[in-house]
């Protein structure tokens, strides 16, 4: 049994850690993926390497919780501190196995919006921060792992602006527009886990605090559910211990609760 | 009066030094130009900055004679040691005032060959080393200073291969092919000094050991002579002292004598 | 006038320069920078900005950028033009500028709405294999402002920690201003020329400005003031709140020394001693 | 197989690797490198080479490259294909490879015969302003070989002194081999990650090879052996002379330790102690 007070953030971190395979080179990013990288390194993926788009490569996680990827503890003990374009070059070449991104909105084909709510880019109803490196990771990593808060306003039939492309309008689209590879492999939300099948999100598991019905209610497209849908494996006590040691205040893993 | 035992190399170095203006950023290169940079810095151009295409910027000359621009004394005490492309980027942007190059052959329009003697690139009669960065400097520096040994086989009506373009077939050619700027300003040979007027070399001075007649004899094109042709100013005793202190064995300045 | 800053991404943002731009009420600026972690937000809120060329504008550890939202959603204090980039396209645009190349060709974002929203990008195909490409035109800022650990009087500058797009931005610029935590003798710089991010030949001014990056960090010198970003986030939710914040922290401090003094005990507490790099002999 | 080496230009040329290629009589190599100061000449003379992609092939302080001349002028020991580059076009080709870009656009050599002699270049015009450009396609070596001062067991490598085109060549390559003057603990590398030229993720082998660059120099470790280049120049004027030189220095030495031993007193005399870089704290 998992501890009863597990937060959605902790369930997501545990699932995200499972997505990192040993030896992989992963664009880590910040927030929950950063902690997922720590968990993966200390459990099943000791040889994974973390890449940070501002120009850092780490084979060991930073010793302290990071608030941004450029915090001094993320440079101290790195094996490479270089330029953004060096890291992005590795990504465009195809030297990066997987990347994490999040977003404000996503559609069933895994297209993400982090730019603007509203139809007119120049007169937004909500101005979001923009791509950062997210659109690059979505364009060029071999495999994309998406992490999102889950509600109907976020999981939409169509997003207002495709910042980070997933599968566009479906199978074949990425080839057609000219991406060399990639696309979302998994969408981990606060409520469940989707895999992409034929360029479309299919629900594979619901977290302990959720259900298929809850998820259908909170999803803005007609939900597809896998035949073997099941409960998301909760984080083990060991994994929770790692998460809580690294983020003792719950700055990222209990954010907004 | 100049000392009697002045070598052609020393006359050329003194003249080359005069071509460097104070405060200029100069692609220095090796051999005689390197020593010209030392002379210029220690006489009239204390604020000149030397750029070396492998990735070095110096505001003070190296303390020892260099045999290649990558010798450790050329890095020690440099203000920037970077990548070749960083220096070449400055050059392409137009941030480099002047550059020195040499060659095996040159024509009256200042086009240089350092690639091959013979009509067929794939079956040369003499295989020369190639461009190095010479063609880049000739393409992109604001002003080109050329240094050459002078004989009829080198100063030719047409060169077999244009490695480093001068003025092509004459005025307007550089604009037409798309160079953003540049072209040879001066050609300093073992016998005299030419300036380029309307894209063509015009003899301006002959060294003490030479004459207009000698130069005509040793030039493979119909010589054009300036109205005010005169004797090249010999190196002063001060300049000679600098040259001989820096190159005491005459490795570069008395080469082949 | 176009100004690139915040080019190391989250660290080494020259906030002291940003504050001074605001104090002088500079107007019609075109800002260029990848992330800018509240620096661009401040300048937008203060009415200094006409256009922003950026990949991300917000508050990295706290959330959305309130001033940027007000400008875009309500035209307060003025409408601004945005040229959307990603970290990679901006790095490529500045690298093209540094190389003197007209553009760089890329496969990133070719299926993204960013490629359409930014009118400077040109779709193309590779003459080598016919595959689709996006051409990212060079960006050449009028001025690039870098904060570094140390520089000499000629502007030869050592920066360690993440370089982000700082070197390309400096080499692409018409002129560079250096904010040095320490101004040092030339020989300190020349003892380690591989550490130099930009040579003095590109630099028009060097300012000794200790703590110039607060609240962002500078590797080995001081930590990020996380709480300051959260305070800014809370204080600037409304235009009035932003005006108050500005009155306190920018217009209320005549210069950067006064700004640091206002931080009180908080500033020395951020100081880092760091660990020394292994010896390298030249 | 394509191999990039000599990527720091005149210094840090991995001659120990070159000698071993010759000892193993590797054939049909495609060499990539800007200057290569006698390294490519040896490999050509030994019959290891099918194609050379380079900006300059010779003996920097002594003159022409005799083996290269014999191959090109007389097909001895075999004809080779040459793809002429300049230092800048080669740097751009490798940078394109490192960036995963198909090509870089340039204005260098657009009026040079090099642009015509090398069939990989494609003339173009800028879609932004219609001006002429030359497109330099990416080069992605199968293998890049770097000599560095120190690396850890994973291949994270510190190089100081000129980087030339070494970083682009390493990042563009399918695989990298590191010849380290010293293999050090990971923490030495991680104490100064800005000094890292290539991360271990690109590296397939690390060899501790002290003196690997002789007769070229390695910054802070040993000087250039100028006289050795002159001896090579004199010795290799004829094919027979080259065969004798090879028998003495390469086939006559079973490995690099034996090569250094053959240098006798000459080798320790080249040792440098260097001067330390100013402290940087992370």
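The first chain written gets the first letter, and so on, giving A, B, C and D; residue counts start at 1 in each chain.
One rule holds for everything that comes next: contacts are C-beta pairs under 8 Å (C-beta built on N, C-alpha and C of every residue); 3 or more make two chains touch, one makes a residue touch a chain.
Worth saying up front: this structure is predicted, and the values here are computed from it rather than measured.
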Fill in the blank from the handout: After discounting chain C, the chains linked through touching read one piece
Practice task
Moving only from a chain to one it touches, give the least number of moves from chain A to chain B.
Solution key: 2
Fill in the blank from the handout: So the chain most remote from chain D by C-alpha centre is A
Exercise for the section: Could you tell me which pair, B-C or A-C, is linked by more C-beta pairs in contact? Expected result: A-C
Exercise for the section: Please work out the Cα centroid separation of chain B and chain D, and write it as a whole number of Å. Expected result: 26
Exercise for the section: Averaged over CA atoms, how far is the centre of chain B from the centre of chain C? Could you give it in whole Å? Expected result: 41
Handout entry: chain C and chain D, separation of their C-alpha mean positions in angstrom
Key = 36
Problem - For chain D, residues that touch 2 or more chains besides their own - result: 92, 99-101, 106-107, 131, 133, 160-161, 163, 167, 189, 194, 219-220, 272, 274-275, 282
Practice task
Would you pick out the residues of chain B that each touch at least 2 other chains?
Solution key: 56, 72, 75-76, 81-82, 85, 88, 91-92, 140
Practice task
If every chain is a node and every touching pair an edge, decide which shape results: line, ring, star, complete or other.
Solution key: other
Fill in the blank from the handout: Touching pairs of chains in this structure are A-C, A-D, B-C, B-D, C-D
Fill in the blank from the handout: chain D contacts chain B in the complex at 8-12, 34-35, 37, 54-58, 60-61, 64-65, 68-69, 72-73, 82, 84-89, 91-92, 95, 106-114, 117, 131-133, 160-168, 216-217, 219-220, 223-224, 226, 229, 272, 274-275
Completion exercise
In their shared complex, chain A is touched by residues of chain D numbered 97-101, 152, 154, 156, 167, 171-172, 186-187, 189-190, 193-194, 196, 198-202, 282
Problem - Of chain B, residues touching chain C in the complex - result: 25, 49, 56-57, 59, 72, 75-82, 85-86, 88-95, 140
Handout entry: Interfacial residue positions of chain B with respect to chain D in the complex
Key = 30, 53-56, 67-72, 75-76, 81-85, 88, 91-92, 115, 121-136, 138-140, 161-165, 168, 173-174, 177-180
Problem - Touching residues on chain D, where the partner in the complex is chain C - result: 92, 99-107, 122, 124, 126-129, 131, 133, 135, 137, 149, 158, 160-161, 163, 184, 188-189, 191-192, 194-195, 219-220, 272-282
